[in-house]
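Have a look at the structure that comes next, please.
Read from first to last, the chains carry the letters A, B and C; within each, the first residue is number 1.
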C-alpha cells in the first residue's frame, strides 16, 4: 500500500501561506469505518509549534483525523486506513516498524471529557513516567512541579498534590489532563474538544494555557466553538463530509474564506 | 484578570492613539503653515497624510480580524465599532488638514487679505476639541465628551461671522475674491474638523455609556465656558 | 363578569380508572413476593431456630455445630424415654454393663453437621477461586482484547447457553469429565484406562480424579462461570472509556492500562456480583452429588496422610446432607430437627457470603469513586 515517492499527487497538500517547518503531514489519506468512508483524500501539512484548529459539523471526520495522528483509531476494530500516509517528523507512523507506544509518547492527547484517573494529582502526573519504569522519586517530583507549572495549575494544587484528582473543578481537571500529557514531554498535543464540557471561565483558562503552550508544542485542537478556533488558533482547517474543504490562516478563514461552504458554516448558515 | 487576547485589544488601541497623535500634529502643522506662511510645512502635511490613510486601513483590518475571530460582545463590541468610526473621523480630519495646507500654499503667493485673528482662534478651539475628545477616549471621561459637543456651536458661529466678513471683502474688492474664497475654505475646513471632533466625542460617549447621543439637540446648546463668551 | 372556571378541576375518566387498576395489580405482585419470602424465611427460622438455639447458656446448640452426624437411639430405660447418640449410647451401655437393649435407631438424627459446614465452606472457597480466576481472565479477554467479531459473538452465545444448562447436567458432566476421565500423574501404569508414560517411571493415567474436592470445585466453578463472566464484563464496561484512552494516549500498553487503570476500578463490581453468583451455585445439590459429596465421612478434611490427598478427598456438604436427611432416610420427628437445623445453618452461611460481598463492595467503592 506504500506509494512510491515519485507517485503524482492528486492534490498538492494544502498548506497555510506562511511556511514554517511541517510537523504532521497527511498525504492522500483515506479512512474507513467498516465500509463507510470517513475521510476522503485528506492532504494537510500542520506546521510545527503553532495551534491548528479543526472545525466542521459533527461527523465531518475532524476527530477521526485527529485520532489518526496518535493511532487512537487502532482501538476501534472496524477502523482502517484505505490509502495514504501520515507522517510525523517525516516518518510514516503507520509503517509496521513504528511502535505505537513510543508514538503515543510523542503525540499526547487531551480528551473531550476530562478524564483524570481516580488517583491523586501527583499520581496522575507521574502515571506516564511510571509506565515507562521511571520511579526515581526526585525526578518524579521535578516532573510533577514542572508539568503542573506548565499547565498553570501549580499554584492552585501545590498544597494538595496527594488528594484525588477527581476533587478538582472541571476546568482544573482538564488542565490536570494537559499537565499529565506534557509530563511525558511530547512534541505534539492533540486536543479533542477540550472545552466542550467547561464553563466560560474554565474555558478561557484552558485557552490561555493553549497560548502559553504553543511555543513549545505543536497543538492540534478539534472544536465546535467557532470563537475558540478564532481566538486560539493560528491556522484553521474546515472539514465537511470527510473532506478537507479549506485550510488557511485563521484570520483568513474567519474574515474572508475562499470556499462558500466554509463561510456558510462559520457564519451559522449551514444546511 | 488578563487574557491573552487583551493584548490584541491593546494593540488596536495603541494604533488608534498613534493615529490620533499624527492627526493632531498634522492639523497643528497645517495651521502653522497658514499662520507662518511656510510652504515647506505645507509639503510635510501633505506627505504625512498618506501615513494616516495607511493607519486607517490597518486599524480597520485589525478591527475586522478581531471581530471575526473573537466575536466580541458588549463593551468589546462597542469598542470595535467605535474604534473604526474614530479612525474614520481622524482620517477625515487629516484630510481637512491637507486641505488647509493646500489653501495655505495658494494664500502664500499673495499678501494677506487681512490679519489672521478669527481663523487661528477657531482652529485653537477645534484643536482643543480634538485633543479633548481623544483624552475623553483615553480616560473614559463621559462628562468631557458631552462638554465637547457643546463647544461645536462656538466654532460654527465664528465660521458664520467670518463668512459674512469675507463676503463683504469680495463685494468691496473683486481682486480679493480668490484670497477670500481660500480663507473661507480654510474656515470651512476647520469647522469640519470641529464637527469630526464632535463625532468622536459622541462615539466616546457611546463607547463608555452605551447610549447613542447623536442628533440630540439639547446637547448642542452652548454651555459657554466662562471668559469665552461670543456675540 | 363570571367567576373564572377552574380549568384543572378533577374529572373522572377511564384513563384514571385504568391507572388505578394497573398500579393496584403491580402493588399486589410486589407484596406477594414479600409475603412468599417472609413465609419461607419465617418457617425455616422458626423450625431451624429450635434446633440451633437453646434457651439456656450458651444459647447455641454447640454440639450441633461442632460434631459429626451420628445415629440416634431412642429407648426405654427404667421407665424413662432416652434419646442418645451413637457414642453416648455405647458409653451408656458400657457403664451399666448392659449387653443389649431394645432401641429404635434413626440415622444422622443425632450429633451435628460440622463436617458438612466445613465441606461446604471448602467447596465454596475453592470453586470461587477457580471461577474468579477463569471468569475474570476470559472477561478481560472478551471485553478488552478480542475483536468484537463473529467469534466473540459466538462465545457470548455459548456463555449464555451455559447459564441455561440444568444443574443436574453439570453434575453428570463433572462426573464424566473430572471423576471418570481427568488424568492423574501416578508412578504405575494403569492398564484399564488410557495411560501415557511421561518418563521417570511415571504415567499419566486417565482414570479420573474420583469423587473429590477438586472435581467438585471445577464442576461448581464451571456452573458459576456464566455469572462470573457476565458480571465481570459488566464491571469492565462500567469503567469509563476515558480511563483507558487517557492511559493508552500516554503510551501505556494495553496490559498496563488494564492492570493499573481498569482492573482496580472494575474489581469491586466483579467480586461482589461474582460472589453472589457463586453463593447461589454453592447451594446446588446436583452438581456435587456425583462429584464431591459423600453421604457420610468419619474423617475431617484436614485429617489426611499426604498434603496432596487433601484435594483428592470427598467431603460432606450441607446441601447434600439436607437432601439426604430429608429424602434418603425414613422421615420422623427426629430427622425433622436435623433437616431444619441444617437448612437454617445453610441459609445463614449463604446470607453471610452475600453480606460479605456487599460489605466488600461498600469498602472498595469508597476507595475508588469517579
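One rule holds for everything that comes next: a residue touches a chain if its C-beta (ideal position, glycine included) is under 8 Å from a C-beta of that chain, and two chains touch if they have at least 3 such contacts.
All figures in this text were calculated on a predicted structure; none of them were measured in a lab.
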item	value
Chain of greatest Cα-centre distance to chain B	C
Chain nearest the global centroid, as defined over all protein CA atoms shown	A
Euclidean distance of C-alpha centroids - chain B vs chain C, Å	96
Separation of chain A from chain C, taking each centre as the mean of its C-alpha atoms, in whole Å	52
Chain B: positions in contact with at least two other chains	none
In the complex with chain A, residue positions of chain B that touch it	3-5, 64-65, 68-71
Chain A to chain B touching residues, read off their complex	204, 207-208, 211, 226-227, 230-231, 250-251, 254-255
Touch list for chain C against partner chain A, complex	147-149, 240, 242-253, 256, 260-261, 265, 368-370
For the chain A and chain C complex, residues of the former touching the latter	70, 72, 75, 77, 101-105, 108-109, 111, 113-118, 127-128, 131-132, 166, 177, 180-181, 184
